[in-house]
Amino acid sequence: MPDNIYLPELARVVHIKEEVAGERSIKTFRIEPVNGEAFAHECGQCAMLSIFGRGEMMISIASSPLIKEYKQFSIMRVGRVSAAFHELQVGDVIGIRGPYGNSFPVDDWRGKNLFFIGGGCGLAPIWPVITTAVAQRDYFKKITVFYGGRSPRDIMYRAELEKLRGDVDLQLSVDKTEDGWNGYCGFVPANVMDKAPSADNAIAITCGPPIMIKFVIQNLHQLGFADEHIFTTIENKMKCGLGKCGRCNVGKDYVCTKGPVYSWAQLKGLPEEY
Amino acid sequence: MINIQDMRDTARDLLTKNEVRAVIGYRRSSSGMNAEPVVITTPEQADELVWDPTCFHNLSLYLVEDRKFLAHTRNNPGRPIAIVAKGCDARAIVVLMQEHYFKREEVYIIGMSCEGSGVLVERKLAANGIQATNASFDGDDYVFTTAQGEKRLPAREIMADRCLECRIPYPREHNVVLGEDKTGRELAEPFAALKRFEERDAGERWIFWERQFDRCIRCFACRSVCPMCYCEECVVDSISFPVNAQTTAEEKANRVRWIERSAVRSENITYHLTRAMHLAGRCIDCNECERVCPVNIPLRLLNNKMEREAREQFGYEPGASIGAPALVASFLDNDPEKFIR
Amino acid sequence: MEKILGKKQIDDWIAALSEWEILAPSVEDGIWAYRALSGAVRLDHSNTTQPPKGLSFPQREVFFSFEQIKGEPPRLTQKMPTATRRAVFGVRPCDGAGAVRMDMVFSDHVADPYYQTRRKNLAYVGLACNKPQGSNCFCLSVGGSPVATEGMDVLMTDLGDRYYVSAVTETGKALMAAAAKLFAAPTSVDKKLVERTHADAVAQPQRAVKNVDAVPAKLKASFKSPLWEELARACIGCGVCTFLCPTCHCFDINDESTGASPVKGNRVRTWDNCQFPDFTMHTSGHNPRESLGSRLRQRVSHKFQYFQENFGMPQCTGCGRCISECSVGIDIITTVNKVTEHAG
Amino acid sequence: MSEQQAEVTTDYEPRIVAFLCKWCSSAGSDLAGVSRIQYPSNATPITVPCSGSVSPMYILSALNKGADGVLVSGCHIGDCHYIEGNFLARRKIHLVKELLGFVGVEPDRFRMSWVSAAEGAKYSQVIKDFVEDLRPLGPQKKLKADRS
C-alpha cells in the first residue's frame, strides 16, 4: 500500500474497444501505468478509477493477474464517471488506486471442474478467473462457461469467448434471438438446467443481474451444488475502498475489504443489503 | 381551554368508524418532557395522544411523507388520513393543497386552537432553570412537573417568538376544531426581531450572517423537517439524487452541480439563500427549521424577511386560501419596479 | 503521574504550554464547542454540541488538488494537513471513548494518513463528569464510565477548589511536566477524596441500554423485525444524530472544481451519513436501504452489533447527543431496548 | 494596504454575468454590437428564453462562481413574448434583491433592466453604468466559493 491511500497513480489508456452498443453501452479500456509498474492483483479484485474533475468509481479488474503489463476494465455507461470514461480517447491519462477487496480462491480449486455462469456485464468480474484458469489449463478438470446476453449484440468479449472453445465448453445464450444466431435461445438459468452440469467435484462461479443470480442459485441447488461450492461477487456503492467510508457496509462486512467475492454459504449470513 | 380528552375521543371515533386510516398526532417521548410525532392506526392508541406546550412539530410533514409512501407503493387507500393541526400547521396544509400535493378530501384536519397560548422554547425554559418531566397548558400559564413539584410560569415568558407574534392562532381550514378562535390576538408585535436586525447596516449584517453560515454543518435538518421542502430532487444533492432505472447516463452526467457538499461558507450561504427563496410565499412560520438546527442558525430571520416582503410589497399571505395562486407564479400590475433600469 | 492543581492555576498551566495550540469549551451563539482559547479557560461546561471528533476528522478534508492541461498528464498535488500540536481541555469521558473508536476505524486494515497526521498531534486533557451532563447520559450501560481515562492523555477530576490531575499517556506526562512547578503531590486526603468523587460519579443515576452484552445477538435476530419501520416512523431523515456522534465516521469523496480550462480542482472528503436517503444508492438507482426503518436499523446495528463483532466493543459511547438533539424524539436507548425486548 | 487599494482601482475589472432574454435584451445587445456602440467588455452574456425563466439559483450560482455583478435583463412590461414572463421576473427578482441586501451583499452587485431589441444604446448604457458602479466595490468575495 502507498503512504497516501487516497492518492491515485496515473495510468494511460492504451486501447479502447466497444463491446456492446446502445443506451447502456459497454467499453473495455486497457490501461498501463504512466510511471513504473502496475500494482499486482488477484482474480476478483477491484480498483478505484478516477477522471479528475468528475470523480472516482470502483470497477472490477477484468484482466488476468497473469498479465502484468496492463489492466483491463469493462465499463458500462450508467453514471457520471462512467459516462466520462466513454468519452476517453486512447492516450488519455486517468487515475487508478487499488487493488481492493478479496479474491476468488482459484488455487484452492485445482483439480476440480469449474462452471462459470455469467449474464450481461456480469462476465467482466469473472473474466480474470476464466482466463487465468484457461492459461493454467492443466490444473483444472472440465471448464464450462455459460454466458448469456439479451441479444447476440449484447454478448461481450465475443471474439475472446470464441477463442476459448477447445479449452472450455462454451454455452452461449441469448434471451431474444436474431438472424444468424445458432446458439441457445432462452434465459441463462434455463440454459444451465437444460445442460445440467454435474455437481461432482465442481465449483460454480456466477455473476450477473440479481434476478439471474437468484434463479441460477436455485438451479444450482437443484443440481446438487452445496452453498460452499457456489461463488459470486456483490457490489455496493463505494467511495474509499478501504473499509472506512461506510457506504458498502453490509452487516459487519465492508464489501470493499471483506468482499466482493463471497461463497453462497457466506452470503447467506449477511443481511440482504446489497 | 381545550380538554385533551376531546381530542382523543375525536381520534378514537374516527378510527372506530373507519372514517380515516390513521391519525397523525403527538404523544409523550421516551426521553423527557417533549412530545413527539406519532401515527396511530387503532382506536386503542387514541389515549396515547397528548396536547401540550411541547407540541412544536409541524405534523403536515408526515402528510408529505405519507403521500410519498403511497406514490412509491402505488397504493390508493380510499380513506383520508387525519392530522392534529395547530393554526400554523393548518396553513401549511393549505399551502400543500394550493400546490396540489394532495386533495382536500384526502385529509381530515383535527384543528387545535392555540387560543391565547403557543408552544414553548426549550432554551428559554432552561434559562429559567426548570428541568421538567411534563408540561401543560393552563390558561395564560404553563404548568411544569419537576422533581421539586409543580412549577407555574406565565406562558409569555418562555413562549416561542413566532407564537407570540402569531395573529391567527386558529386553524381556519379544519374538519373539526377544538378551542376558541382568538384570531387577532396581540401578544407581541410581528417581525420584531427582523425590525431590530434591519437597523444594522449592511456591513454589520454581513458579519452577522457570515458567522451564522460558517457554523452550518449541513445536516439538512432544516430541510428534512420542512413540509414545504418536499422536492424529490434538491439542488444540494443534484449529483447523486434520485436516480431510477430510467435515468439515463446523460442526465446523470449533465446534472449541474449547484452546490458542493463541503460545509464551507460560500456553499452554506448558497444553500440557505436558495432555500429561503424557495420558501418565499410558502413558509407559514412554523419555525421548525430554526428549532431543529443543532447549531442555532437563526433561519427565522431569513424566512420572516421573505414573508414580510411578500405581505408588504405584494399583499400576499401564505396559506390563506386553497384556491390562491402561488406568490412567484402571480403578479400585480403595480408590483414594485423602481429598482429596474 | 498523579498531581494536584489549584483551580486558579489552570490558566498558568495553559500559559506554560507555549508549543501547543489550546482549545477549550466556550459558548457562542448558544452553542458549546471546543474553540481556540481566548482569555481564561472555563470548564463549567455541559457537554459540547459537537464532540471534538472534527479536530482529527474535519467535516471537509482536501486530499489533493489536480490540474489537467490538455495533452499533458494530470498533475496531482498532495495536501497533507499541517502538523500543529493541539491540546483540547475539558473533553468528557464519552468523547474520549469516542476517540478510541475513531482511532480503531482509521487505523484498521490500512492507516488513513490525514486522520493520523491530525490525531497524533492532538492531546486530550479530559474532565471527569462528577454528575451526568444531561438527562440522556448512558455511558455506564455501554461499557464506559463518567471517570474513564480511555482516549485521554490527561484526566482531571474537579475536587471543588482544585483538580486531581492524572497523566494517562506519555504525552500527558509531558503536558504536565511543561509546568511541573504548578503541580503538587496529592495528599492522602486528596487521594481519598478523588476515590470518593469517582465512586459517587459512577453511582449517579443514568439512563441505560439494558444488558448490552446480549444486544448484538438480539439485534442480529431482529434484522427483519417490523419494529424498525415503526420506530423510524417519525424520523425526518436528517443528519443530526450522525453528525453530532463522537463515533460516526462515514464520508463521501468528491471532486470540487476550481477551474474549467484547464480542468482544475480538489478531491475532497466530506462527512456523510447513513441516514441520508442517497447514501447507499447505486448508480443504477437500486437502493439497498431505501426506507427510514432500514436506515435506523443500520445506525443502531452498526453501533451495537457490527462494531462489536469487528472490534469487540459497542461503538456507542453513551453521550446522549443523538437523543437530546433529535427533533422528533428518536431515542437510541429506547430503540435498542424495545428491539431487544421484542427479540425475547 | 495602500498598495493593495491602488491595485484594486487600477487593475480591477469587474466581471458581470448578464442573463439576457432572447427576444429583447439579447437582441438589444446584438444591436449594440452591430451598431458599433462602444461599451465595456466586462459582461458575459447568457441568453435565456425569458427573464421570467431566470431562477434565483442562477443568480446565486453566478455569484458563487465568482461574478462581481449579475444583471438580469428582459423585455419591457407589456412586451413579453410569453405575455407575462417579465411580470413574474419582476416579482421574483425583487425578492432576490431584497434577500441579498438583507444578508449584507452590496445592493449594487445585482441589477435588473428592461432593454428592447431596438435599444442597443440603452444596453450599452446599462453595462457602462453597472461597470462604473461595481468598480468602487472591488472584487465580490462574500458569496464566491473559496475552494483552497
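Odds and ends about this structure:
Letters A, B, C and D mark the chains in the order given here, with residues in each chain numbered from 1 onward.
We take it that a contact is a pair of C-beta atoms (placed from the backbone, for glycine too) under 8 Å apart; a residue touches a chain by one contact, two chains touch by 3 or more.
Since the structure is predicted, the reported quantities are computational estimates derived from the model, not experimental observations.
Note on connectivity: the fewest chain-to-chain touch steps from subunit C to subunit D number 1. The chain pair with more C-beta contacts between its two chains, of A-B and B-C, is B-C. Among the other chains, the CA centroid farthest from that of subunit D is the one of A. Put simply, the C-alpha centre of subunit A and that of subunit B have 49 angstrom between them.
Centroids of subunit A and subunit D (each the mean of its C-alpha atoms) stand 53 Å apart.
Inter-chain spacing, taken between the CA centroids of subunit B and subunit C, is 31 Å.
One simple way to say how far apart two chains are is to compare their mean CA positions; for subunit B and subunit D this gives 35 Å. Shared interface positions of subunit A, defined as residues touching 2 or more other chains, are 78-80, 82. Residues of subunit D found to touch two or more other chains are 147. Counting only residues that touch two or more partner chains, subunit B has 239, 243, 252, 260, 262, 264.
A complete list of chain pairs in contact reads A-B, A-C, B-C, B-D, C-D.
Residues 147-148 of subunit D are the ones touching subunit C in the complex.
Across the complex, subunit B is touched by residues 23-24, 77-80, 82-84, 86 of subunit A. By the touch criterion given at the top, residues 1, 3-8, 10, 12, 34, 50, 52-57, 78-80, 82, 93, 95, 235-237, 239-240, 242-247, 249-252, 257, 271-274 of subunit A touch subunit C in their complex. Taken in their complex, subunit C has these residues touching subunit B: 29-31, 49-50, 59-60, 135-136, 207, 233-234, 236-240, 243-244, 252, 254, 256-257, 268, 270-272, 276-278, 281, 283-285, 323-325, 327-329, 331, 333-334.
Residue ranges on subunit C touching subunit A, taken from their complex, read 63-64, 66, 68, 73-74, 76, 78, 80, 105-106, 108-114, 223, 249-255, 257, 263-265, 267, 269, 272, 274, 279-284, 288-289, 294, 298, 302, 305-306, 309-310.
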